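You will see two complexes here that share chain A, one where it goes with chain B and one where it goes with chain C.
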Partner chain A sequence: MPRKDQNNPSPPRAADRGGDKGTKGDASNIAQTSEGSVISERQSASMIASTMIGVGVITLPRVAVSSSNQTGWIGIVVGALVAMGLTWIITRLGIRFRGQSIALYAAELMAPTRRLLWLGKLLALPFLLMLLVYWGWASALVARMFGEMVSTTMLPTTPVEVIILTMLVAGFYLTMYAVEVLARVNEIMLPLIVIPILIIAVSSFQSGRLENLFPIFDMDWKMFFMSSTIMTASLLGYEVMLLFSAHAKSSPKLVKSNVFSISISGFLYVLIAIAGISVFGYEELKLLAWPTLELVKTTEVPGLVLERMESAFLAVWVTAVFTTLGNYYYATALLLKQILHLKSHRLISLLLLPAMYWISLRPNNLQQLFQTQTRIGWLGMAGALVLPLFFGLLGKLRGKTPLESSTAKDASKGEGADG
Partner chain B sequence: MRKISNALVVLLTASLMITGCWDRREIEERTSVLAIGLDVVEDKPELLSVSVQIPVPLKISNSGGGAGGGDGAEAITVMEAQGRTVLEAIQVLQNRLNQKIFFGQTRVLAFGEKLARRGLRTITDPFRRDPEIRRLLWPIVVKGKASELLRSKPSLEQIPSVYLMSMFDNGTKLGTIPDMNLGNFFVDLSTTGREPYLNYLEINGHELIWSGVALLRGDRMVGRLTPEETWQLLRIDDEKDGGDLIFSFEGDDDRLITLSTELIKSRKAFTYLQDRVKVHYDVHMEGNLLEKTFGQNLFDARDIHLIESGANQFLEENAKQMIKKLQQYNTDAMGIGTELRAFHPKIWKKIEWASAFAEAEITVSFHFELRNTGNEIE
Partner chain C sequence: MIKASLLEIIKSKWFSGQKKRMTKHLNERFQSKLDRLEEVEIPSALADSLTKVKDVLKTSNDLVIREFYLGRHLPSRAAVLFIDGLSDSRVTDEFILKAGMFDTSLEALRTDNGGEQNLEQLEDDLRRLGIPINELEVASSLKEVVYAALTGDAAVLIDGVPRALTLNTKGWVQRGIEEPSTESVVRGPRDSFTETIRTNTAMIRRRLRDPNLCVESMTVGRRSVTDIAVMYLEDVADPKLVEQVKQRINGIDIDAVLESGFIEQFIEDHHISPFPMIQNTERPDKAVANILEGRVIIVSDGTPFVLIAPAVFAQFYQSPEDYYERFLIGTLIRLIRIISMGMALLLPSLYIAFSSFHPEMIPSRLVIAMAAGRSTVPFPSIIEAFLMEVTMEILREASVRLPGPIGPTIGIVGALVVGQAAVQAGIVSPIMVIIVALTTIGSFASPSYSAAIALRMLRFPMMIAASLFGLYGIMLLMIFIIVHLCTLKSFGVPYLSPMTPMNLNANKDTFIRAPLQWMFKRPEPFQPQDSIRVGDTSVEVDKEGESNNATQGSKQPEPS
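Entry: the complex of A and B
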């Protein structure tokens, strides 16, 4: 692997320079983008969707019923709507501050005047750290969840450490490449993830019972909010666009395609949850550690020769986990690079590897792992909710005269901000 | 020099990548268990008896028909062990075996009736946890001892589990045997408003006879339904065909009629009156005349009507008997509770189903339509 790395450094670096020249020109104080605007609308949409669809799929039906019984899937719909709104804000912010990521425009929006940009950076730092901790922690936990699940159900004698390390190294390998490569990987992987999960969800409906889904609106407001919050947290992933939108091609269709991508993963999640609830009923679901896998086990896909579908499903699931882990890992490294103003994120990425491995082994058992996951989910949710809302609002309040945007920088050179 | 070191790196990396995995276990390194039987130990109530049916690959005759052709007796071996828990007994079995026991091929999980009456929840716990166990295998309650089922020798197949499996697969396809696999059993066990039931088997010499279902309350067997009653349950609750109807025409025991049942549609209506739940099922079905034991021509509209009403009467009486049994054992095998909870939450919240089920008024009316009286023209 290191060999490969040595062979390949030139293309990204070239893109690096080219990108800087192309989009920034005179912006010498902000050497922000490393690869330029290379992500197409479709790639950006698939990045969002495949980051969202990850390890969560395997526990989703149980998480969905945990707080609101058979009505759990409604929370997912609400969660998806919230995610759509936030994605809309994130994309709009990305378009407005074209070529800049959150690390940069947060500082700009927070700085009272042009000269006090360092203050803005300082003020923005807690927000960025929140994202950083969430992304780093989440990628470690994704690897651990994957390891636990594989070692309890498929490979009982393989050490979980080996599985985790394999997954992390694969993610690390992905971060060695440019953002463009990451985007293309996501674009290719997404159909490979979506189609099999769709087939499984649809074909498991044949053993479902309608009465398990009723009564549909049997919940009070507390349950509704609880379940919506939990499901919003489980639909995280779109917030990587806070960072990667800096590399997205500016296109009028970007907002539409990004918001649409949420509906892909939202639809898939709702389908899986409804399938799980209708087949097992919420009481049985609460007893299952890996409900989606059990769903696959009870399902006989018509027209397929294979009797044991779970192996095939897990193979698909590996790609889903890989894209989530890879995207989070990449985002962690890239954000850290931008905070520290480094030239390349590769060294950071290498240094992150043992750190993530260590974090992933911290929970002692499955129960603790699920707890940590929930806690990190809250942090991520706070990040994904607060950042777009706060900066979106701030951007709105500061109106048409931000400190500088890459286009109107020269015009507003001298302390343009009025309040 | 550099070339060599490069090659070395490649080789080393490759050797890391192609070592295979920890869990590699070839098929001949496994002892596949086809069926598990669980029984009580007569004189020691704290112990469980676990028996496993293991196929002997060398003895299974395929083509050729040479050595042990008809002698299916040796194709399997049954081992039995005792322990305080299921896994303890399996541990004892493992100590007697040369290869690792493998449950991935297990198709039948048999419980002795005595054990079933004692409760199944704790006993099925290891089967919930073990990822090797499939949710599609068949849990069965056996009259007498489960180990006898494992030792039985049906003459049509060398391996009794394979025989049982095809019997159940075909039965569920035809709609005569309830599709009660382990997954469904677990679901029913944890669902409030539906009590589980399990297929019930009798052994007569070397014959295996499906004889209805064992009814459970909670996780304990409390009674059983005959095959005819089970078919009513299937028709009313699952819209499955069930077996043929055989009843006497116009109440005359010498004149018997056999009808098939098809295209069953079951509708139900709930009402709540004077603190009592009323459930009414309307079951429509069609069928053909398959057999009659008398020479009368039956092409009259009046006769056809008589056959139909005779069938309805027979079905209704049979269903009444079945429902009476369910209420007597207080076990809601039809899942009326789940329907009530799902579609009539207002009623559900007012009542305590555990006690309300036995008092509920459950009625069924059948509407049989004779479609065809056969090819015979007299």
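Entry: the complex of A and C
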């Protein structure tokens, strides 16, 4: 037994195999959902919240005011509501197809009959590829964004490539372990993410001016829709549950906790946006590259223990970026593994590492980076919007088991809430 | 479910082919004399058996063989043999030799001595022999005789009887029960474990008069044959956990166990981790508290350090004293300890990060003072910090080795030389001295030595990370450490539980120490069978001083 797990990768593999026996379902299930139900409700909620809260918070106030000026925060509320609805559908789908991820149940729903499952797989492939590209690209861009931030404010002499690489390696290290570990990491890091933003948002109100927020409802429908769509796109992250719900314990509380997790990040987003608008005003905000960092600069620490908090904030912010990057990285590797029907995702994530590094260095400058990010954001939003709605509807139309009828009804209701 | 399947994997890994080959090798090499004696029967004639025993232990000068006549009437030749120093010679003199010579009657034995002996009858008669010693066994093989002698028992061989008596005469010079040296507390019991397993198990038993307290004995070590006792509460501890602990201990194949650390290293889950996967203690009260939480205690002979499995991270800043003081004080002390452990881990690296990457964060007056202090220092801050930290570690190690009276002196010398003189010589800055001092003090505030070592160890990579990337590097390494902590499991219990997976009830005893009345349940991560720990409070005390008796049913008789 001294040799039980001498090399690092072996304990998760043990957990992998251990989960196998517990998974109920047919043979094809077992091949893909190798972990069993290991994610608790709380962990599932923190996974959603910590994936959502990431590098986007730093640019959030600017994005919020870009289309609807001082009323930008309303768009966040709407976006959060949409996200809640979608999360609800995703979670119901996950509960209905217990122990299966999107890669499996999409194929099952698309297949005309059991025997034509391969056709279903083929038909589902474009949808899965959409997710795959979004997740992979997003995690690379998150690394790049953070690298840019760090090298402009915190470590001006360190090349951005080094920061990107270290972040990616950290994410890679996380993907070496089982989903169980990922869930635990998210759970323990969520407070480390939420508390700093709360402090920043609340303490920056000291220099905020209320008149910057008025008039509150100064917008037309076009602006409202634009800003809501943009904010929906920036509130992505819950769609990782399409994949990880396969490992979640399916309990009735899961739906509630997942939807609640959106409200955590939605609340923080609204708070940061309002803080940004009230401190800078929307005209100035539109010109700032990293508005939240500027927000941090305006805050003063009582007692002057530390001056100039932005380095400290960025340092703490590494955790938020890491969870987003790590979760997306993990999701990419896991989805790719499930599409390719492989045994383990470790090799894939190793191969993904240089690919992501390459992707992250593609934008030549900050402007291109923001553009790419927006484009990828649209892709992600399309994925996060279309997949749950489409498969929720499909599941409703193709009622098979008694369990399904209620789920499908719920799914259609959730769909109604979006419109 | 995961636990059970883990068990299976462990099984398959433990008893895989490679392991078997190794075992075969071991069997060839460590085929000890004792094992070979297993088959050898005790001869009837006393002279023969003595020759055989002498043959086995021929080079052992400490073997004492005293031949005497057993029985007052019709005496028979007999011999008592024991190892000098391991057996209490007063007991052998008075209760074996004296009783054997003058008080014993051999009539029962003599009844059918001449013809075919009924062995069962004989053994029965031997047990009733007039030797006033409480633990008495009848041995039939030579191995038992030799083993008895080696463990400190005395063996009595009687002429004409192909059986031997082994009698408990253990009594070697042992250290008395002293105050714990590594885990001292201000308030709490002052006794600590000793090197003798029986004393240790008795100290636990004395605090826990529960018939459900199990003490399962086993031996580990082919040559040392060390006694190990696994202790747990039968109706509290998770049976799977107990089974796993026993299985892992049984799987150990080693020549000698010199300290419980050997057991720890063989049964722990992760060998390559700076964090201790099994807790150890020399305090009986701590051991009992852990038994009551549903953990398993492993007592090993020859060491005062008792193992506690499974371990979780939170335990390493918890001290028994937290529970003895009132809860506010306990909580405060615990928080102070957490802060000090953070200091031990982070302070030097924060200094490096601030001074070489983020001087803008330091308040401007302080940064001027710091710069003035550092102006004479020729090295970058990482070298400066490494220099001081390594010196400190050397000082610390040296003060452990130094003989008692010189020990404190080295502290003064070290403080003077390293502190004052180094600053005056311009090798280090005064701030650095402060930081090193705080770091060292901080690492001593941790109640667990093994956890403090882990932090001491991680301090150096942390400093390197800080020197490379400043605060970002520190955070990055912290993330690596957190992920690593999340991957750890000790006997199927996640290392960071109850923080993750979150368990609100068990969290009453992690960062804070809730009042004992609130902690009415045992911590769930250990999956205790009997989960209720505290019943309703029996007496409600009114603010005015009137006490009304809101009684409740019978409370479980458990010492807290």
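Going forward, the second predicted complex is superposed on the first by the 384 of 419 C-alpha atoms of A that agree within 3 Å, B and C clash if a C-alpha of one lies under 4 Å from a C-alpha of the other, contacts with A are read in each partner's own complex, and residues count from 1 in each chain.
Keep this in mind: contacts are C-beta pairs under 8 Å (C-beta built on N, C-alpha and C of every residue); 3 or more make two chains touch, one makes a residue touch a chain.
From a predicted model like this one, the values you see are computed outputs, not experimental measurements.
By the touch criterion stated above, A:318 is placed in contact with chain C alone, chain B being left untouched. In the superposed model, A:173 lies in contact with chain C only, and not with chain B. Residue contacts after overlaying the shared chain place A:155 against chain B and chain C alike.
In the overlay built on the shared chain, the residue A:184 is in contact with chain C alone; chain B does not reach it. In the superposed model, A:309 makes contact with chain C only, not with chain B. In the superposition on chain A, contact of A:40 is made with chain C only, not with chain B. In the superposed three-chain model, the partner touching more residues of chain A is C, compared with the other of chain B and chain C.
Of the two partner chains, chain B is the only one touched by A:287; chain C is not.
Note: residues 1, 3, 154-155, 158, 162, 308 of chain A belong to the chain B contact set and to the chain C contact set alike, using the contact criterion stated above.
Looking at the complex, you find that chain B touches chain A at residues 6, 9, 13, 21-23, 128, 131, 134-136, 183, 186-187, 190-192, 335, 338-339, 341-343, 345. Those residues of chain A that touch chain B in the shared complex are 1, 3, 152-159, 162, 209-215, 218, 279-281, 283-284, 287, 294, 297-298, 300, 308. By the touch rule above, chain C contacts chain A in their complex via residues 1-2, 5-6, 8-10, 13-14, 18, 248, 251-252, 265-267, 269-272, 357-358, 360-364, 469-472, 474-476, 479-480, 482-483, 486-487, 489, 494, 496, 499-502. Across the interface of their complex, chain C is touched by residues 1-6, 8, 11-12, 14-15, 17-22, 36, 38, 40, 42-43, 150, 154-155, 158, 162-163, 166-167, 170, 173-174, 177, 181, 184-185, 187-189, 304-309, 311-312, 314-316, 318-319, 322 of chain A.
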